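Next up: some structures, all given as structure tokens.
Next come two complexes built around subunit A: one with subunit B, the other with subunit C.
Let's turn to the complex of A and B:
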């Protein structure tokens, strides 16, 4: 770390604000009357970047208009994914880190290689399978791909490996079983890793676009990330609602990641760049 | 604990994840290979589907576009991310806040970023308004065959570079100060310090970023499907959009399966080759 000069600080601030500018524009466009969104563009003026009048009409329309079901679907699907995904990934990580069983390394390697295939790359063939199983336009179909996450398993396994053996041996002497050791010892000791894994599961599901587009096209099951794309492609565009929806869908993960950033970057960095 | 007890326990704990791996990865991968080898109207295996798409000008163009796109976007994003990391690696008040502003776009779903930039890049949109305000000409961006791919690169870079910057920043902060002091005593200037200390020390995070970014860029889909559908004139028809089009617009699942197998093979190959190329000799001996 060096002490920066004023020029360098100015460059830092300018670049950061430039990156933020599109999001700022979304925010003010969501909060200003619809007829003002494109009004102050030529020539550029203060009012381009600062709302002249504020309104919450578009924000309210999120809940009263056609977008409401999409928000409910996204929140529900993401919550279930995080909870179920944590159980699936943490139990698998526990078996791979703690229980000594035949072919453990082989199973671990097969899982790592399988998850090297990016999910979106095989979404199209998976869609054929899931449709055959009758899972199109169901919450199950939306949630399933999110619950098995290789990165989350890998991260939790690394963390579990660092918990001293003596703890579980003492617990076995006290008569605890595998489930007791998992639930009473490993889970309570793994707070940061569990938060990191939850974030990975959350981001994956909240950002999903291709899969929900294929598996849940019906209005009752459409998620927000898909609904906003279709909302914006209508010929008669309601830009106020588009921007309000964009603001909402963007704010949820921005708030979560800003609050928990240290867990996220720390975990992904240590999971990816170092052994 | 007996061996049998451990095996049962492992099966119970691993069961759900194993089922997920089989259903979500192994089955569809085999299904894609199976479908791609089966001729559309026959029951025997063969390479007809591969020959068909590889001789199809639209698919050839899609592969070519994806190649050009990858060769531009990956070095560009990594260079920007590295420059940002070097710039932001300072101890100054509020630096975390400025870094977070650059990181934020990655938290937003790509479909939302696509929608935002779709409006921003409209001919009568704010980006053109700003170009005019600083004395430049208006551009056609996504509606021009010459500028659409560059516009997609702009959008995905706005999304991604802050994310890759964070990994490189973490790597920069792990470099021991003593290394810089040592080469400074030998009279190294700033460029030499960067070349002989910073870059070699960043090898691990750079490898990770290069591999992860290359894979991510092969999979770019939402901005293309939402903003251009591969057009104008096929200029943005990246491989994911082509697979989607084959499967759901052309209604040709066998060709889509063959294209999927090609994509997955290329992704795995790139991952393996890049890890080997970036690993230092001493790593290989071990």
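Let's turn to the complex of A and C:
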């Protein structure tokens, strides 16, 4: 492979900086004293991107104030969504890929269309249903819409379709039923696809804002994304805390995605291929 | 091991009928091969016995039980698939022992049975490897190990050797035969390779378009094919079939005239009227090149030396026929030769339906 030329390297560095600098600025803003945050924005100087003083006061405040409960809520809701969502989406995908039942393709098409509809478009009627079920300000209300994810089902189904039919037939002859085939054959063979589906469920729930705002506004059930928006008001703006919170909610998915990206790319690369 | 009985077995996919009422009785411990061209329904038949394909009509019995409505796991059958179907995420040991673990067999007993199967199939050294780390032949052995470890009522083989190269196929064929002689489990073996069927099976079922053309021992199928299809399918190279007319010879016996090329004595015993049209079946190995003037004078199209034998393709009334000659023979395309068919091995078929015309002698 030839080495890229200087121009190419410059372009690559420029694009990388374009993505990196906002995150860097958020990071140092979270670690700066409050009066330093916007001080060096205009004109731009070295001090815009390099802190003169460092403080962990905002981060400490994040963990001692009411935001802590929001973080706990977000982690709990997201974890439950991922675990329950994987069970729901994987079993649905298995049925759609493997079990022959009437209107299977119609069900699949409806499911695919469901993930093309923006969630915001159905949030209000869904809120009406959930409130009717008495799920306002409950964890169940927060979690329930996140567990059936059309994109995750689609991804898993495509992966399952690539598993040779003979494997499940051999499993049937070996004495397994449908659940045995799913649990002992399809799940162990679908690691990358399951990781990808987990990431989809994770990101969907972690970054959810409108739905938690509607269904769980009570402080005990408030999630981080909602809490961060309420950290500053017209009269009281603590940007240091906002940046610290924003940094935290960005770092968690970044860490998860970085750790699992190789499974994700493996799945995306093979998800469309069939036997 | 158990007897397998199929009665009036039918299979349709919507309006398309693929298996048309098959009756077959596989005796306890017998090795039966199902052969036929692609799409003849042989794999469908096997899958119906396994319970992987629902049947449209008829009855399947394994032992004394009617198994029509039973799941595969309740039929006590083991199947070896064409592409091995080994579980890629499990080791050889786990692949082989899976059924026993599902059946909650005692751990020590599982170890004993796996070790026995591994010894029988010479795969002791690979037990802790994954299928991806094995060659095609080793995977095939593991697939067989998975089948025999269960001590099932019936073995079902679905073209198990078709993914192997020619040399390995011959070796594995011998191993399957040895295995059957060792365990004597009732076996149904699907193949499109008639040589595989001839060498392995005690009886062969020839299928065509979802119907049984003939059931018999390899020798019966070879020596007395029931019709033109079986005659063409069993034997390699396939039987030559030529149009002929029956005539009464000077000795009172019948003879078959192949246009003006010559005649072949049929002897007595055929219930045929002089002048009637027949199809004459001549196996390539029953035709020999001769220097005599009374043989059929034919032109050489092509010569295929195989070492022990030479296949000589000849033009006969615009059809290509084959003669097999022992050893090497050097003939140029276009050469004129004389061929004399072995009169003791002549087959006659009715032109209308291809059925064998029986010699009553």
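Just so it is clear, the second predicted complex is superposed on the first by the 248 of 275 C-alpha atoms of A that agree within 3 Å, B and C clash if a C-alpha of one lies under 4 Å from a C-alpha of the other, contacts with A are read in each partner's own complex, and residues count from 1 in each chain.
Throughout what follows, a contact is a pair of C-beta atoms (placed from the backbone, for glycine too) under 8 Å apart; a residue touches a chain by one contact, two chains touch by 3 or more.
Because the structure is a prediction, the values reported are computed rather than measured.
Asks: Could you tell me whether subunit B and subunit C fit or clash when both sit on subunit A in the superposition?
Replies: fit
Asks: A:164 in the overlay: touching subunit B, subunit C, both, or neither? Say first, second, both or neither.
Replies: A:164: touches subunit C, not subunit B.
Asks: Which partner chains sit in contact with A:216 here, subunit B, subunit C, both or neither? Use first/second/both/neither.
Replies: Neither: A:216 stays clear of subunit B and subunit C.
Asks: Looking only at subunit A, is it subunit B or subunit C that touches more of its residues?
Replies: B
Asks: Quick check for you: in the superposed arrangement, does A:19 touch first (subunit B), second (subunit C), both or neither?
Replies: The first partner, subunit B, only.
Asks: Touch test for A:193: subunit B only (first), subunit C only (second), both, or neither?
Replies: Once the two structures are laid over each other on A, A:193 reaches no partner at all.
Asks: With both complexes overlaid on chain A, does A:228 touch subunit B (first), subunit C (second), both or neither?
Replies: After superposing on A, A:228 lies in contact with subunit B but is clear of subunit C.
Asks: So, does A:172 touch the first partner subunit B, the second partner subunit C, both, or neither?
Replies: both
Asks: Shortest C-alpha to C-alpha distance from subunit B to subunit C once the two structures are superposed, in angstrom?
Replies: Superposed model gives a least subunit B-subunit C C-alpha distance of 5 Å.
Asks: Jot down the residues of subunit A that show up as touching in both complexes, subunit B in one and subunit C in the other.
Replies: In subunit A, residues 172 are touched by subunit B and also by subunit C.
Asks: List the residues on subunit B that touch subunit A in their complex, please.
Replies: Going by the criterion above, the answer is residues 1, 3, 6-7, 9-10, 12-14, 16-18, 20-21, 23-29, 31-32, 35, 84, 87-92, 95, 97-105, 107-112, 114-120, 124-126, 129-130, 132-133, 158, 162, 166-167, 170-171, 173, 204-205, 207-208, 212, 215, 218-219, 221-222, 226, 240, 243-244, 247-248, 253, 256-257, 260, 263-264, 267-268, 271.
Asks: For subunit A, which residues count as touching subunit C in their complex?
Replies: The touching residues are 164, 166-167, 169-177, 180, 184-185, 188-189.
Asks: Would you mind writing out the residues of subunit C in touch with subunit A in their complex?
Replies: Residues 50-52, 71-73, 77-79, 81-83, 85-89, 98-99, 102-103, 146 of subunit C touch subunit A in their complex.
Asks: Spell out the part of subunit A that touches subunit B in their complex, as residue ranges.
Replies: Against subunit B, the touching part of subunit A is residues 1-4, 8-9, 11-13, 15-17, 19-20, 22-23, 25-26, 38, 41-44, 48, 87-89, 91-92, 94-96, 99-102, 104, 107, 110-111, 114-122, 124-129, 144-145, 147-148, 153, 172, 178, 182, 203, 206-210, 214, 224-226, 228-229, 232-233, 239, 242, 246, 249-250, 253-254, 256-258, 261, 265-266, 268-269, 272-274.
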